[in-house]
Amino acid sequence: MRDQPKVIVDPFFRQMGEIFAPADAQRLADTVDVVWGRDEPMELDAFRDELRDAFAVVTGGWRYGDVLADAAALRAILTVSGGWPPELDYATCAARGIRVLSAAPAFAAAVAEMSLGLALACTRDIAEGDRAFRAGEEKWLHEGVVDSYMLHGARVGFVGFGNIGRALRDLIAPFRCELVAFDPWLTDAYLRSEGVAPMPLDRLLETSRVIFVLATPTSENRALLSRELLELIEPRATLVLVSRAHVVDFDALTDLVLAGRFKAGIDVFPEEPFDADHPIRRAEGAVLSAHRAGVVREALLEIGERVVDDLEALVRGLPPRRMQAVEPELASRYVRTTTLVVDPVGTSE
Amino acid sequence: MRDQPKVIVDPFFRQMGEIFAPADAQRLADTVDVVWGRDEPMELDAFRDELRDAFAVVTGGWRYGDVLADAAALRAILTVSGGWPPELDYATCAARGIRVLSAAPAFAAAVAEMSLGLALACTRDIAEGDRAFRAGEEKWLHEGVVDSYMLHGARVGFVGFGNIGRALRDLIAPFRCELVAFDPWLTDAYLRSEGVAPMPLDRLLETSRVIFVLATPTSENRALLSRELLELIEPRATLVLVSRAHVVDFDALTDLVLAGRFKAGIDVFPEEPFDADHPIRRAEGAVLSAHRAGVVREALLEIGERVVDDLEALVRGLPPRRMQAVEPELASRYVRTTTLVVDPVGTSE
Amino acid sequence: MRDQPKVIVDPFFRQMGEIFAPADAQRLADTVDVVWGRDEPMELDAFRDELRDAFAVVTGGWRYGDVLADAAALRAILTVSGGWPPELDYATCAARGIRVLSAAPAFAAAVAEMSLGLALACTRDIAEGDRAFRAGEEKWLHEGVVDSYMLHGARVGFVGFGNIGRALRDLIAPFRCELVAFDPWLTDAYLRSEGVAPMPLDRLLETSRVIFVLATPTSENRALLSRELLELIEPRATLVLVSRAHVVDFDALTDLVLAGRFKAGIDVFPEEPFDADHPIRRAEGAVLSAHRAGVVREALLEIGERVVDDLEALVRGLPPRRMQAVEPELASRYVRTTTLVVDPVGTSE
Amino acid sequence: MRDQPKVIVDPFFRQMGEIFAPADAQRLADTVDVVWGRDEPMELDAFRDELRDAFAVVTGGWRYGDVLADAAALRAILTVSGGWPPELDYATCAARGIRVLSAAPAFAAAVAEMSLGLALACTRDIAEGDRAFRAGEEKWLHEGVVDSYMLHGARVGFVGFGNIGRALRDLIAPFRCELVAFDPWLTDAYLRSEGVAPMPLDRLLETSRVIFVLATPTSENRALLSRELLELIEPRATLVLVSRAHVVDFDALTDLVLAGRFKAGIDVFPEEPFDADHPIRRAEGAVLSAHRAGVVREALLEIGERVVDDLEALVRGLPPRRMQAVEPELASRYVRTTTLVVDPVGTSE
């Protein structure tokens, strides 16, 4: 339509069809004048040209360089990756009133669900019991639960408490756990208002039965979970790592799980794909997953749904409420930890 | 103490220490005059002798024969197995006002938690992904989730909706699923009042993404889930079997899971221990567990806690509310399906 | 129909149309062979005659005398009053396997809702503020809330914790109150399992901001809330009385509310109708209601719905689960406190 | 302390002691270097002087004129009124990266609680029943509930769905109502994600049993609820007005309630104080409150708590999360509807 604002839709590395269900693709076309809208990356010259009078950009990252000066009509940048592109000039966006929005909330339910599944697979020895059964070495009844324990009523610690943490808290609520959290980007007051007790990291690690590592990788938290801290974890406890391997001393983690000190559900690795001979692959107490928590089909389609929802709001002059707005205090502190060319998904925060 | 009512505590096949935490053992001693209270089975002559003026019996089963006529003071029989002993004369108990109580509710949280864990291990391919990772054959990101789907928002069907079903409904609530149930022992009105929609079994099977088989084994439901019915299950759906293999045509289940028709989390088997060469052990879409859902330590200790809670009530002349009272309409219809000498746990209803 | 079991439906003092919605009346006729089914009380001779082969009796009370010996086929007595008729021989019913069921649960939602409304009318001075406004004496903003306080986060005490208490606990849950309870008919273990902390009555009264008096009247609890105990209630706290005036020293209550010691929402009175000159009618801190908590239309229709639900279960040989089964330990301890000829509603337990 | 950032605290028209509990006052002093911090309004010259190097301003409104140009260090303006001062230059704040925060969330629980109380006072005729009782004209039992109905299961409509709407939705959740909402500032997608069904205003009015009017007054919604629309409300339904009288044709509302067409709980009026002879004061179906929903002591103290919480965040370079950030799309559309000199509380959004 003539009167609809122009929106550049250049989702590469994602594909149109994986993020826009047919109904949402239709809503998108009904709401804005879509430019590009293809799976291949848009050429930079064409992008700059269209940007001059574009109302918004939907993109898989910010690979366009320093072009905001020309974007006179630009009101919003909607990223479909799940993370915050470090190449974007957030200060200029803020000063110019350009909304920068992330699809991160679209992943929260999928990652939370997988996190709970990995936790139960560890606490109740589901993957290990299945392996034993296939090997004809299963142990029945009491003999098969010597290392098992219930999530019900256990203390659960969150390392990082953003979108995923809140979604996971909701999933865990019926288990009546005691919830504690460490997150240096949040105040104690906020954590309490969200129903979790703030706790220093060392104390959290040494007293929680199940620990969820959900921290967004930042310039400040590389190997935050050092060997010294990991050694505090109590025997048979479960650590679930789903945000980024960046935040953990992975060698120390491997040593401790191999030694049977604690169990671990691991979805992210220092390099992806990962060393085929790495010793973690042989750890009895580990449950391993190849970065699969956030990419399930339903989550990807939720990206598109939220993008269209917020374009509808923006076109009507309303604040977007379905994607996550960048917070100026934090924008510069995120780091790229992409480890796999095909998908720099940021599932955290 | 002199004035405390006499209670025979003969928990065999369970052991005192596994069901009574120290604090509960102390409460027990403070509440009643404990007779026997040992791990070995009490001799029948001694049992009959003590029964004459016993106020209650706490037992692992009813292996004492037809002795109720002599039990003039008996007010309650508390079974610690989780099932209803078929040898007990429920009609006489009812006529004489002898409460028959089961520890079944003690298992509900443990079995519900394991059921959810098995379901997520299937829907999100957690056990399969871990096996692939250990074999160095893991698939990363999108390629690793081709058969995965989210529990969030899916239709969930309960086959049987007793203690475990209610506990599982509560755990699943945050996933915002559509809940349907088939249970011939419950009216539609009751099911609706519990927040699940009644549905015929065939329709439930053909429309649910995740199916929990929780039905108590009865004289009427052997192989209730016949081959014909199992074939209705939709592609890639997940069936979780945690009550008793009695209710399923296990050969048909094996064939269909081996053929990749649907996934299955299985905790109970036609014989336990189970055929070491059974083909289900090689089914990619299965997650296998050796009857471990209900025997986790915390559940066994909850038996003792509930036994003492209700003895406290009975001694004060109050109705017991922590164990499950037998329902006369149903008592005669339960069947023993014990498949393993060491533990006739009934986790269902 | 010929093969349907015969059920005497004699709901007097209730009326057929007030408890059976058209759809439930139809279900009733489809389920059983209804005898009588009129608003007038059935003649005793006719009743005895029909009772010989009746499967069940639905009744407003037990005004038939000692006739159970002749009721050879009787399986259930379903009372639509909300209380337990003291004239019924519960021991014989138990020995004969005759289920005695009460419609009490039908009132729980209605009474809980009214209790919360009365509580908020007191804590937020809603009725008093409305009176002032009508008199042209309202106080605006801060000046109008000097005696008001929030229910959010306050300590709430339940005196009696049965059907209504549980329903009210659910309504109050989002207010994140601290919940405590006193109920001599329940064990501490049970109360904790229901999410309320057991507490002695005196301590409950002196520390709760809002106190709900929900205790069923029994032979043991007349004026349980004595003057001495009522004097413990802290200044400006709110007492809501909805079960029966029987359990309170009403003179003391009147004196204390008139003196401005605490506020009170009162739905039940020592005599009903009540003394037209009674001083409680002039107490500023009182909110008065003429026994209206349980009789709202929706609650009465829920009686009929539950009656038919459980007749459906009984006819199919299943346990009834929608009405409340009498508990033999308690049956003899209830007392009749009917204060108004037209409606001996027992809303409690 | 020397190194703490300077914060001007000039809360007038509020008072220091009413918004800062002692513990929060202490936290405030521990977190920032407080300038002024008195009940009286700060002199403008002194304000401008201090503003030059102030890190933040905590204020009851923006009565300082166009002074932002001099505020080189300013990072945040925290308003304690509950509304958005129309005098503030939001565009400059946005361009300069000055956070504008409102204490509106502090009022949500208090107003939601009062709204529920007003609703129950209407639906269950609590205030009217109390008046009748005091006049000796009470009607007992069934006769007293002819116009009453239950909130349980009813359709509830929200006109405006911001902070208060969400808080109220949570309070109403246990009543299992059907929730619908009209809010032109929110997309349908957002409303659905919050668990309420979007509905056009006319349809909402004609089908809801309880209607909560929570809309923020804006330049666009004066008398949004016109006579024509109010006439759509169904007989005996309940309208609760707690945001601002601005959004309702108050004369039409008065006529319809006086005529007995529907009931109304009203906390806000076209002028405050209000015409002493206004006919609404005599309407049987009304429950009247003198703008008391948001000013209860606990809500005012929550303002101070949230202010200090967010100052703690800002001082640490973290995003504030306890107050509400202004949304640039909406800032210019709010209107001042202050009707009472002593307290321009905005309780809405």
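All chains are identified by letter, namely A, B, C and D, in their written order; residue positions are counted from 1 within each chain.
As a convention for this text, a residue touches a chain if its C-beta (ideal position, glycine included) is under 8 Å from a C-beta of that chain, and two chains touch if they have at least 3 such contacts.
Just so it is clear, the model here is predicted, and its values are computed rather than measured.
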Chain at maximum distance from chain A, centres defined as averaged CA atoms: C
Centre-to-centre distance between chain D and chain A (centres being mean Cα positions), rounded to whole Å: 35
Length of the line joining the C-alpha centres of chain B and chain D, rounded to whole Å: 50
Contacting chain pairs - touch in the sense defined above: A-B, A-D, B-C, C-D
Complex interface listing, chain A residues touching chain B: 18, 109-110, 113-114, 116-118, 120-121, 123-127, 129-134, 136, 138-142, 144-145, 148-153, 170-171, 173-175, 272-273, 276, 281-282, 286-292, 295-299, 340, 342-343, 345
Residue ranges of chain C in contact with chain B within the complex: 94-97, 185-187, 189-190, 193, 305, 308-309, 312-313, 316-319, 321-322, 327-330
